[in-house]
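Okay, so subunit A shows up in both of these, paired with subunit B first and subunit C after.
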Partner chain A sequence: MSLLDISTLAAMFPAISAAQASPEVIDRIPSSYSDFVIPFVAGMVFFLCWVSIGCVRIFMKIGPSDQAKFWKSLVNPVTAAKNVKDLFCDCLFHVKIWKRKPLLGYMHSAIAFGWFMLIVLGHIEVALFLPKHLSPRAGGLFYPIFYRYFVWINPGHETLRGSFFFFLMDFFLLYVLTGIALAVFKRFRSIVLGMKNTTRPSTPDRIALYSLWLIFPLRLLAESFTADLSGGSFLTLGMNHLLHLVFGDSLYFQPFWWAYSICLGVFFAAMPFTRYMHILTEVLWILFRNAGLKPSHPRKGVSEAEIYACSSCGLCLDACPMNVQRKNLRFSSVYFIRFLRRHNERKINAIADKCLMCGKCLALCPVSVDAPALRRAQRRTVNNLLPYDYSYLARTSAPAAAPFLGSAAPATASASGPVEAPSAEKVMYFAGCMSHLTPRIIKAVEGLFKASGTDYVFADRDGGICCGRPLLLAGKTDAAAEVIEANKKMIEEAGCGTLVLSCPICYKVFSEEYSLKGVRVLHYTQYVKELVGSGRLRLRNGGAKYVYHDPCELGRGMGVYSEPREVLGLVSDLVPAGHERKESLCCGGSLGSLTLNSRDRDKITEAAVSDLTVNSPEAIVTACPLCLATFSRKSPVKVRDFSEAVLDNLSA
Partner chain B sequence: MVDFGFGIVPSSRINLDLFDRAKFEALATLEPDVRKCMACGSCTAVCTAGTFKATSLRAAIEEIQNGREKKALEMISGCQLCGKCFMTCPRGINTRHLILSIVKIYGEEK
Partner chain C sequence: MKNNVLIAGAGPAGLEASAALQRLGYNVILIERSETIGGHLARWDRLFPDGESASAALDSLIEGIWGVKCFTDTEITSANRLGKSFNVILSNGIIVHADAVLMTTGFDLFEASKKEEYGYGIYDHVITNADLEAFFRNGSDPRINNPSRIGFVHCVGSRDEKAGCRSCSKVCCATAVKQACEMRQAFPNSQVYCFYMDLRLFGRHYEDMYLSAQRDYGVRFIRGRVAEVSENLDGSLMIKAEDTVASAPLKVSLDLLVLMAGMRPSVSGARIGSLLGLQSEDDGYFRVMDGILDAQRSTVPGLFLAGAATGPKTLPETLADARAAAVEIDKYLSVTFPEAKDFKQLMRKGW
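Entry: the complex of A and B
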């Protein structure tokens, strides 16, 4: 019977050569090779070469210690488990997007996971069912992709196992197709998927995009045209019946396989120059990230993997506070990364300098591309070279510390000069530059210290030096190191076991850059929480309706969300803001931005204020001197500091 | 030396011909806010670095216009970019970027 079949088939399709009958179920083999695979194979080979060279390049740029760290992390069971989890959750299921925008998450995971399954199942099919005389070596590259063209089954010989795979393949193809349909829809009506702004694709992006859109419909057509010969399931066989109804008995399927292969070839050849490169680079970046590697250069080594891991999904567009004005869209992280890839220095610098460093794009990025850190690295390449003169630090760091050691005389304080070992009991309060500009905070914080009977010294009562974070944000790392060194010396000499800061900017840098041994670094919201917990501060509910603003450096920067809320919940009725916690909006006053002018900042402040006042609170409460000053200028309701709100509600 | 109760002050004559217009235009392109300063001195009053070393953005801007670039650089070389001047400037001048830009245009790389 097979002979007969083959001869009729051979009459129908000239490309089919006679094949030996295989003893297995599958014995109608048209050919082991066909010309149509050439575009795909060419594209794929180019792509694989590019990727291997890229990987080698990246590894060569990474220092030996980082390389060792990387290899070690791969065998470490904890990081390995995290790697596997992250690879599945981030690359395939896009859990982070699901959580925020379910429809968008479905779209991304349909394309990623669906396609992944098609590839995996294709390889399993080849491994299980490939007839003996088709050597995987001859077509290992393309058999899994074009399986249905090369392996046909005898009617009636379909095994349960086989039809199971046919079903899965059709199922995942349908899954991907729904994702593609959503993607096409999103291009024209993105708001339906929850995105106000989408990225402007570049020309190579467009080429890859359109070929990606075509790949799966063409695969469906190709497999449907072949389904009566190769086998299929509900989708392809169903389509096949329809096609027979329309086109009659003989279906000429060759053109569709050609078209399918060409689209794949174009896609893979274009991929290195497009955002779709993220599909592979994301894997590398996740491994780097989990190994704890940090970029040291804005676009070489680790950061090369990082910038190519960006999928241009555009989620950072709507996230960015600058984009309350559409003209600022071009300063978003996605474009920063695009220009980093293109080595466009002028544009890179312009974008790097504009950002407020609020960290929201990082918090929402599905692959955790730390664009703010890359921007700081970029700023470093320019600003770290600028001259400065801090020789006064050496001359004055002693006097800077002296005033509080000798003369600190708050009611309950008993500063008696330096002690040997830092004692946890003894608290040092460092107000920082910004709190000195908003003396009401200092007053209230001191009020709280006194009310709780805290034994404290005020490090910079008569004005100290800056904490160094503004310098770091501007990329002046060498200068920052000098400032940090001077402050560190002062703190260590004082011998206090607890350091309390009233500015989140200070809090972040003291926690992350100072490595103070034996000193607990606390933001005052955390310290007050402790005081309340231990009963040293007793609060009453004043019944006011407050809304709490999460300062960026405290919330996204340091992950302190709950302490201020818990305390404020005790003294007032806390109403929610429009955006809270991770999603909170920057006040616009941030020191992160170098070039944003006051008019643009005002727009951001206005947007943040109106978002905070959606539930008509009596006052906005924040825990950052900069936010306090910024909001005070624009808010229609009162703006209060956390410490003031607490101090007003002490119970006798 | 005999103390006469007074000393000789170095000349405060300004040679406005030394003012480099091209450089100033370059600065104004980088940070247009430089033209907005009204020399109120708020930035100087709050300056963090000013506690330790004569630091003044107001003076720096003035010295540039007076053609004394070295002096201008000297007035901001101790700046810690803390941003207090930015928060107080009544004209909303982007002071930190102005300071960086002055150093970029008039300073030499170290």
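Entry: the complex of A and C
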């Protein structure tokens, strides 16, 4: 077998149309039907019926506005380009896994991309080498799959481009086989591929798994047995010579093609009931995701595509902070989704309530299955029905707005008149309930406002109402809507151009759910960064060795990673933690979990603290009152808030 | 030959057990981590329920340890088993061949700053029960400035799963009531509030003290936890709480807030415990052989426990526990080292 270089390949392609124009000069001899294709065709037909019905079901459950959004996104060039990119990067190349764990990425992409290429090349071969009178229609469904069985080379008429495809097919078969070999190895020693825990497969999963493992070695055997007749390249021809050496001149190849077909049939028939359904569904989910569709029900419509897009790869197992204790593995997103598929209500609710909502499983998911959103949707089915009474909000709305208007901030007197357009100069500080439980944050933030000469009003000095995020996390959407409405009214009436929050939980909900017109919503780390940038706060480097902890809601939740680091870099010697940015660990104090007990939380906190202190910092600095309170209870080193760390390092 | 008994911790339990074992004819080595003996008792002013002087009580305990070899400012650096005994190396270089070890490592006071919502260490007028005792002893504290409204918060670091403290500390309710009365004595024009979950006053005379606090001192007891504390611009404190009897939220402005910090397992005790192979329960206190019948014996032969090392105790309970441990140790050594028996009997006959 001689390797082709690209220039000869390019020269050959104009010849393709010429070859098809003269049907009598063919380099392959096609034959017709054989019984062994029945298992594959049966499995494939069943699978295609299932998929078609499934697609119709999903689309019927999606509301008309979402449907319109979906179709529009397909023709929108920006989304379309993103779709193509995501389909290749997420489904075939698994770029996200490559970046974190190269060997695992290789395994996934070898199976996905290699198989994809085998299918594509099979179809190209059919299109190129089959004469017109035996079109793919006559060969039916199975021609590209069993090409080597049905189409033999015409001795004396072999072309170089035919050999080129033989080489490509062998190359990608070898590529897939290496992936399969790694997958088999991973079953026994997953840690080598970077996975501490792997998913426990269900019985249908096992059936599909073993048939998937067998498909490619059987394909190799079947193609090798026929390689002297059908043609082949380095792998199959080499194997063929070897087989001739062992078994003599005549090779009986029929059983291997039968076995290959049966394995394919079993795999496709089992697919709808297994995790391998993700192969097709993730395409749909990526289109939905990029169209901006959000699940409204934990199992129907968009969610159905989402839960079937989960490949049970198990990356969320190691990601989940609860899994510092192995007993909590069962609460991981992968099992939550599995039980959603199985309609196991009791287990679904238990798992949905346990989650800390740190969002790490979402951040690391190869296809961005939003398990936290599904859990919220599930919680909504139960908790949104619970009674609540916020009638006092209406009664106290006027006094609630009053305290900050009359508060001690210097320039607030002017705000008592009718309010015009929000002035960007004026800042409203909303501490939120968690900051009120960690008063040193409030003290330090006010110190920073004073040091920078910021004209601010303290919205909830004498107490405010909940920002709504904890209610949303608990699935109490209706209750959340009421407090959001009340807070929104209070903010709009104050007429401040900037809203500064010291709690990432508040920050997320104020940014995402409030739609405040003309009001900039900033986390105080961002605001301090601005103050430093404009020279209103001058800092000095105190030389202390700090480590920064990314709060879940601020980092993964809102993508604020760099601002706090930049400012802390100016005042201290910032050392890295074991896990940072989107990989950072939950502190364990999250409001997200409704049922996790304090002992399990302590274990999570201990794990996070030891991860943060790998480079022996003098203090852990964080920018969330909840993280601060949680770490303060457990940490052997000092725990400081971002505002304290900055306030201590102001230059005179 | 006399048996050596090593006692770790010279608080009330350690002192009482040393005295008892010394009287029984053992060679007692008492070590104390800090520079002074007496433990928490040495920092207290008066004792509930009758207002006895803490220093007088401590003095009489110290009188009893005549003849005991006592090392202060000394810790255990390593310990291992040597036959039936322990080979213990102390930080002052002395090696003790101890036939029995008694752990009287006591408790740590809960760090009130960990309940940050109460503002200890952040606000100017928030103190702990221990700070208040120090004030009673010394008569001055910059944070206590003739307060007219005083609040006591019960259960700070007790019965609080979130703070990692599940158990009740047992003594704080009585201490709070005692201190509330003392504050009224010190500041006759003040108003005192106690915020409690449950009042657990169970001993003899305790109820009288509680009734007297209400009747004679006008202390107001409010059932409900304090949610958060903030500082007013004039430096006074704003307390937000819930009155669960009236089922209503409550706001009070106070001049002084006293946090009743609870008992936590001793950190240095846990360190020694791990050197000696002692087991702890989930709550952090040492495991005993049997909570009812064998409450002074640990799970390690030759290792005994007394006082607050095995859970919160009042002072009389601690002293009784220490005496019980001395009897248990005597029983153990007589069985395990029978050759020392004759000598002991001679000792006890007073020859």
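To be clear about the criterion, the second predicted complex is superposed on the first by the 606 of 652 C-alpha atoms of A that agree within 3 Å, B and C clash if a C-alpha of one lies under 4 Å from a C-alpha of the other, contacts with A are read in each partner's own complex, and residues count from 1 in each chain.
Quick note on the criterion: a residue touches a chain if its C-beta (ideal position, glycine included) is under 8 Å from a C-beta of that chain, and two chains touch if they have at least 3 such contacts.
Being a predicted model, the structure only gives us computed values, none of them experimental.
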Subunit C versus subunit B on the shared subunit A, clash or fit after superposition: clash
Which superposed partner A:Lys443 touches (first subunit B, second subunit C, both, neither): second
Contacts of A:Ser598 with subunit B and subunit C, given as first, second, both or neither: both
Which of subunit B and subunit C A:Ser632 touches, first, second, both or neither: second
Partner, of subunit C and subunit B, that touches more residues belonging to subunit A: B
Which of subunit B and subunit C A:Cys624 touches, first, second, both or neither: neither
Which of subunit B and subunit C A:Lys476 touches, first, second, both or neither: first
Touched partner set for A:Asp353, first subunit B, second subunit C, both or neither: first
Touched partner set for A:Leu386, first subunit B, second subunit C, both or neither: first
First, second, both or neither for A:Ile465, with subunit B first and subunit C second: first
Among 80-88, 206-214, 224-232 or 296-304 on subunit C, the segment whose C-alpha atoms clash with subunit B after superposition: 224-232
Common interface residues of subunit A - those touching subunit B in one complex and subunit C in the other: 436-437, 462-463, 597-599, 629
Touch list for subunit B against partner subunit A, complex: 31, 33, 46, 48-49, 51-53, 73, 77-84, 86-88, 92-94, 96-97, 100, 103-104, 107-110
In the complex, subunit A residues that touch subunit B: 353, 383, 385-390, 392-393, 395-396, 400, 433-434, 436-437, 462-463, 465-466, 468, 470-471, 474, 476, 479, 483, 589, 591, 594-599, 626, 629
Residues of subunit A that touch subunit C when the two form their complex: 408, 436-440, 442-443, 461-463, 597-599, 602, 628-629, 632-634
Residues on subunit C engaged by subunit A in the complex (per definition of touch): 113-114, 116-117, 119, 122-123, 161-164, 228-231, 233, 238, 240, 282
